[in-house]
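Order of writing sets the chain letters: A, B and C. Residues in each chain are counted from 1.
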């Protein structure tokens, strides 16, 4: 069946001017023309999943949207409406969404993380065998999280103008990091 | 096909009394009666996606469940079992799930965020061009995150009794905030 | 239709040796052989949702992967490729993914949370009626979050070697905690 793109204006609350709302109508799958595999295939729900390996990065916050998109661009373009899930398979790094423009934002975020999570001889950790940066890395990983879900609209990740995907590397010695990407939609 | 709602009691661990577990059986789609478009449409997987604009809010944590539900209630009612994904398209505000009852909880959360993230002339940030509240806002956005996924059950968001959706506005000067809502399920 | 498992090696950036990438090809549903309900049922998208009750846990971080997997193992095995969503229906506990091996990591994480979130008579909270541990619990819940999404691959949760699911109990007096688990995929 066809996906209808509707535009209507919806005002909520105090905003002075009407706000344009883009709406993807409720879409059901599959198509009723079940004898046409191409038609049904185009309309039915789709899944794609792959594991991407990001190269080692120095400790700090890194903008990785281009790397991610390059790896999934072909599959992404096949979706009209859906969700892209990213899952970092590590406990000493994290994923977050934040500013894609000024690299000072990434530097300042690293400054914050190091300020707030004790590290070194004065830190109160029991888990010290893997080095002074390891327990702080675990804490930072849970603070920012290791998973993200981004909407897909018209074959693209539908983030705000200034949003980008960051890999935050919390260990001193860089290692490759694996991300399982799962796309789902129609 | 039919979705079966089963109830069984499952005890796990040390709880003294049996605990009721509501279970939605594994449901496959689509229906085998493919010649009946209405039957298939009702049973098949569904997607809906829209961008909601929330009106400007003063700095602080705001309970927005009613606003969100009002915008998606019609589409939501069409789902028996699924997930609702909310994606805030901004890097200086955040979304979280927390108490929906006592507004002091929202005030205290704002107090905590301001206490933990340095702001002003003594703050160690390089990113200062957009004002003293901006870099702290980016940090708070990554701390709480900009995405939420809530289960849908029987046409409703399936949250706990005391849970609500919060928009946390981290900038001093209020601006409208866009949220992409994606519903998926059967 | 069949899901094709392809293996290809993809090098990204500075890694010295080729990295094996496991790729689940873009899969469309449903099957074109619509007259065979068994074939279609096996290939079509599937949903399963259940509410699990975790027994009361003492305050602190707890590895709950075995408990979760035991509850959903049967349904999980039915999925080739998908996502498992966990939603904790509480505002004074949290879910996170972190190390599954050394329990010191869980102890140190609890130490960190208590260090960073003020508690007791010197804490600046207005919300105090439910006890000195309550407002700190709400804050910790938003810091770590109450939802997780984990990829499903070949009938299993596809986490990294050292990753596990934690329930972080933030209240002093243990209570049972409900988690809505939603599985979706093919």
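Assume a residue touches a chain if its C-beta (ideal position, glycine included) is under 8 Å from a C-beta of that chain, and two chains touch if they have at least 3 such contacts.
In this text, all values refer to a predicted model and were calculated from it rather than measured experimentally.
Asks: Would you mind working out whether chain B and chain C touch using mostly the same residue numbers, over half shared, or mostly different ones?
Replies: Looking at both copies, the contact residues mostly diverge.
Asks: How many degrees of rotation map chain A onto its copy chain C on CA atoms, rounded to the nearest 5?
Replies: 120
Asks: Using mean C-alpha positions as chain centres, tell me how far chain B is from chain C in Å, no decimals.
Replies: 16
Asks: Considering chain A alone, which of its residues make contact with at least two other chains?
Replies: 29-30, 34, 45, 116, 143, 145, 149, 184
Asks: Please give the residue numbers of chain C that touch chain B in the complex, ascending.
Replies: 29-30, 34, 37, 40-42, 44-56, 67, 71, 75, 78, 85, 87, 89-91, 116-118, 124-127, 135, 138-139, 141-143, 145-147, 149, 176, 178, 180, 182-184
Asks: Would you mind writing out the residues of chain C in touch with chain A in their complex?
Replies: Contacts found on chain C: 10, 12-15, 19, 21-30, 32, 34, 45, 81-83, 96-99, 102, 104-105, 107-109, 111-112, 115-116, 143-145, 148-151, 153, 158-163, 166, 184-186.
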